[in-house]
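Some notes on the structure that comes next.
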Amino acid sequence: MKLREFLALLDSISPFELQEKWDNSGLQVGDPNKEVSRVYASIDLDSETIEWLEPGSVIVTHHPLIFGKLSSLSYDSYPAKLLVKLIQKDIAHIAMHTNFDKTHLNSYVAKKVLGVEPRCEEFVCLFEKEGSFDEIVAWVSQKLGLVCPRVVERKETIRTIALTTGSGGSLIGSFQADCFLSGDLKYHDAIKAKELGIGVIDIGHFESERYFAQALREQLKKHQIEAIIAPIKTPIKVWNETVH
Amino acid sequence: MKLREFLALLDSISPFELQEKWDNSGLQVGDPNKEVSRVYASIDLDSETIEWLEPGSVIVTHHPLIFGKLSSLSYDSYPAKLLVKLIQKDIAHIAMHTNFDKTHLNSYVAKKVLGVEPRCEEFVCLFEKEGSFDEIVAWVSQKLGLVCPRVVERKETIRTIALTTGSGGSLIGSFQADCFLSGDLKYHDAIKAKELGIGVIDIGHFESERYFAQALREQLKKHQIEAIIAPIKTPIKVWNETVH
Amino acid sequence: MKLREFLALLDSISPFELQEKWDNSGLQVGDPNKEVSRVYASIDLDSETIEWLEPGSVIVTHHPLIFGKLSSLSYDSYPAKLLVKLIQKDIAHIAMHTNFDKTHLNSYVAKKVLGVEPRCEEFVCLFEKEGSFDEIVAWVSQKLGLVCPRVVERKETIRTIALTTGSGGSLIGSFQADCFLSGDLKYHDAIKAKELGIGVIDIGHFESERYFAQALREQLKKHQIEAIIAPIKTPIKVWNETVH
Amino acid sequence: MKLREFLALLDSISPFELQEKWDNSGLQVGDPNKEVSRVYASIDLDSETIEWLEPGSVIVTHHPLIFGKLSSLSYDSYPAKLLVKLIQKDIAHIAMHTNFDKTHLNSYVAKKVLGVEPRCEEFVCLFEKEGSFDEIVAWVSQKLGLVCPRVVERKETIRTIALTTGSGGSLIGSFQADCFLSGDLKYHDAIKAKELGIGVIDIGHFESERYFAQALREQLKKHQIEAIIAPIKTPIKVWNETVH
Amino acid sequence: MKLREFLALLDSISPFELQEKWDNSGLQVGDPNKEVSRVYASIDLDSETIEWLEPGSVIVTHHPLIFGKLSSLSYDSYPAKLLVKLIQKDIAHIAMHTNFDKTHLNSYVAKKVLGVEPRCEEFVCLFEKEGSFDEIVAWVSQKLGLVCPRVVERKETIRTIALTTGSGGSLIGSFQADCFLSGDLKYHDAIKAKELGIGVIDIGHFESERYFAQALREQLKKHQIEAIIAPIKTPIKVWNETVH
Amino acid sequence: MKLREFLALLDSISPFELQEKWDNSGLQVGDPNKEVSRVYASIDLDSETIEWLEPGSVIVTHHPLIFGKLSSLSYDSYPAKLLVKLIQKDIAHIAMHTNFDKTHLNSYVAKKVLGVEPRCEEFVCLFEKEGSFDEIVAWVSQKLGLVCPRVVERKETIRTIALTTGSGGSLIGSFQADCFLSGDLKYHDAIKAKELGIGVIDIGHFESERYFAQALREQLKKHQIEAIIAPIKTPIKVWNETVH
């Protein structure tokens, strides 16, 4: 299969035209006329990941490396330095971002990772789960493997929960829920949530979207393609004095 | 002193025209012709803070409540519900945001809180401090009272440190430093920092800017005005299972 | 009925989504969860009107108080000073502007006030009425109670008349009529009308739209709601030397 | 003198580069290489004025005929029909609008017509004149020949007056004065003025700017050019029932 | 037939609403209420053409004279000087540009001039024609009467050819063809074509679109209107030293 | 010397900040920290040129490869395919476009190639040269080696000539000259020139700017850097039937 045909296959799984207009999902780097050999899947790409990949392969990630206007390929700037490495190792790179959020990722995380039955629309999945705030935090932390999650506490019992994998802070106020699970929690969004009476649990941008690799592999399997999940670690660590 | 004259005094301390064009520093709520009685200072305002303030007073905060277009004062939306409470208690509200960042806050935190001698320009203060990454994290955590800070680790020795109080992620790549101290660390900024070889310590948006109140009080004292520091807590807590 | 439900009722009478994109019809001030007691209707709000209203009530006006970007609630600026008074008296305020123009107001004025049978489309109602220009001015003045109306004279007989309540000058040239009835007549629009051979009678922005209150009351009656028409006077007076 | 040189002379009297960026002052119609014979001055141009002008002449007006984008010269549209008439009679047309407002017109009307000594800046002239509102209206009406002027009344004594010839409603709130003299008074500007405690007298767009012709003639005389004042009447009449 | 009715007839042949949004097809100059006498057709208008036309006639061209914003009718500027001549000779001018490209011109040139059977969509017609690049250039040059055409050579055999009359360089890369026929070939578009392996033959903007006159005449004949083809020459000559 | 230092040297020769805001002069591809070995200069880059260049070198061109937004590095698109080749051969690429036009290129071509003494400002050089149009075409063709140049003829004697290397058509009408020398002549610009009485000789975009390489080499020599002029041919050929 040529890269061009593989792109068409991905488009049939999650149409690229569903992406938001500020997004850049699709082919990032690569020769559409080259034969696709090995296929990798990963939430993202960094230098270590590229080091690890086999030359001549293709990697499908959630986030596109080219975001915003690219006017220079200076080797000491980001993301140019990674694009250069991909070209040097002859690795193709495709991104499936907001289109895949809408068609698969949110509901995958809700169903397969949290084990709930959600009602999903655009970027938000809603589901019922009753408990104290502490109970919900404990449950989510265990399900997603969170360490010292940052939270906006809510005293009253939680009944309805909203989930947006990745970075969903700007959505606060646009849905009805007692608690919001999303990543990249910012201070001003936390104030807003608190004033609107909505609890928040920062489930991590990486921690909530790393399931992209599994979700995509599951889809590709239906087309007899065995995607390899590329190893990647979040650049963010929670610093715990006692450990050091 | 009338509110109008108090505004002029603040302008002489940190000219409002220095604010960024997307900012909204200045009078948020209040009657310019009313006599100013009690003056409060705080990084921000929330419902509890307003509850605590005395009617008829004025509060100067770092962040403006009105940000972006305000097209409705619906009592169940944010920030309208806080603006309504201020009006009901007849409390005036003034913000000194990016103008004060440039003239006072960054260098205040560097000098008075971290105890270093920085070179400051616009939103970034640079200073020298040698140590391993772990030593720097320990030192910063102790100085700013951080709990489980999120970090992007850097193996090599730190020599030059950059500081931007508040939310400085978009500045990564625009300065030369081994380690960056700022708040609201986002996942994609963390990837960029890691790829550029810059360590990051998330010092918290709230935790790094709460010194606004002290910095402003210090300035007002020179004009024989005794500002009261309003109590406020960050809405974000680090959830620690063992505690619960 | 809660304010939220009253808004939904108004939306069923004249959908807010019909408003022009530069408009700001909808909730201006108020708590959606509060019980609606007394309902007022008026073309507009000024200090005297607010003085007159009962605390805790809701007033529906034609023009929204919040127009354009509101970046400060300074008590000495307009419209902030009126918004502040509404909040202090706990009065809710809703605007039904260009949506109501399209669904009700233009045709109401044509039918109920002028007593004609118009063909209405968007912001213009057309109807037949034959007479000399002087006869038409006399007829309109009597119907609408105009004093010394400003006119652009047309020598030939009038047969077709166009009506746009409020301020319709920018529409001149976009319809076929011998005479145009609208308010806020500007000098350059008058030149244009004269050169295109269209007579104009300035029927007043206030004078032609004050019927908003009656038109809305008529609609609310069908839903068993008795709206009280709030007293308001135009700020514009025609100065007549002999009177003084 | 060629038209090109006459334009340069006008530019030396009131530099065209002082015009506002939305303005279109300068050559509207004409051959820069043609000899200028007769020179006319007028606030504006209409069909009757063009009829009256001598072929081959040049007319300088306050308002430009070409305003906004001109994409068609259809003889039945405005202002194309007037441009066509100018070309057919070989008459050149130059506009001196916001540049002349700033350099001459406002202060000319204040000094020569109202007989006061103003302080002028950009589009506003301020001067002192004490009296009751009625006295001020009577005085202005007599000076400018106003019939039934529309006013926003102010109860307290007038001391400081602001003047903007033409259409100055958008400036309300940007200056400190008890009473504002300007033309084209719109209903919403009237509400704003009333709420801010500023009286307004609508002195007419035409009535306040027709002095353009005299003011320009005065300047041209210094350069030995005798401008003829073209006759023009306002298209707006105040309809007085008793007269008809 | 009045000019207004003639416009409606042209609209029925090729709807003006099909034009691109940056285009200005439609009435350029003329009185919609005047009787149409003689009708001319031409790709364009220049001074000599206008000289040649009979007063009181109407000319339909491919390119509109008014393109972009017209803010002055200075007789020494282009296109104002031509608009002035049209008005002085009382000649109406209508343009049928991108609407006619889409409905008639491209396919007319392909079928009637090149004698092929194309598949046309928007601005591009595709057809099959096998031959070496030199054979194709010779064939096109003979069909269109080209002298020393500028070309981007392609070594391999041509099979599929794309045609865009006028100036189609920006379309390179948006269609699949071995060779592109279009006018106004620019250097950077030539580089792009060469790198993408597409041959280009510059068939001239004028040389490829002068058939507008015939194509329109053919359509008008169906409505019993005999259009006269106005004589016009391209301003561009190929300079051949030996001739001089 | 590192690439970073070479960039600084080029900036001292022709400051990059002088470039137009739509331009993208500066580093296109390359590692700022790598040692610069061989330096090439050329008007442009194509596949053959890159083939010819030595790995690890740097090439300075007039036109930047990255123009407009680059959102994908698909190997079958232009200019991505050339950027990919540069990276694969580890060749750095720097562009000096509109900054170099202003500081060197225009005047270089006028003085060193045409042998005249021009007055240059921004993108236009003016000089005196008397002769018939044919004489001027012959002289220019000989100096620049033009074959069958396309021209807009002018009958009267030429005295003042304007020169803009590259593509200067949009400048027609902004300067006073009898004849204009520039490349990429478009049909509509030719009509405009003819109507304004300006002769035009299309001196070729490539043919007039290929001197970039010499002009830059001359400057670099002053800094003891020997630039090699890379071979490149224009993609545009004039097709002459007799030759084939």
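Per-chain numbering from 1; labels A, B, C, D, E and F assigned in written order.
Assume a residue touches a chain if its C-beta (ideal position, glycine included) is under 8 Å from a C-beta of that chain, and two chains touch if they have at least 3 such contacts.
This one's a predicted model, so the numbers in the text were calculated from it and none came from an experiment.
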Shortest path length from subunit B to subunit F (each step joins two touching chains): 2
Given subunit A and subunit D, the chains that contact each of them: none
Chain of greatest Cα-centre distance to subunit E: B
Degree value of the rotation bringing subunit A onto subunit E, based on Cα positions, nearest 5: 120
Interchain centroid distance [CA atoms averaged], subunit B/subunit C, Å: 46
Distance between chain centroids, defined by C-alpha means - subunit B, subunit D (Å): 51
Sequence positions of subunit F contacting 2 or more other chains: 76
Topology of the chain contact graph, where touching chains are joined (line, ring, star, complete, other): ring
Successive chains along the ring, subunit E then subunit F then the rest: E, F, A, B, C, D
Residue numbers on subunit C that touch subunit B, as the complex places them: 24, 26-34, 66, 69-76, 83-84, 87-88
Partner subunit E, residues of subunit F touching it in the complex: 44, 46-47, 63, 76-79, 81-82, 134, 137-138, 141, 148-153, 167, 173, 183-188, 190-196, 201, 204-206, 234-241, 244
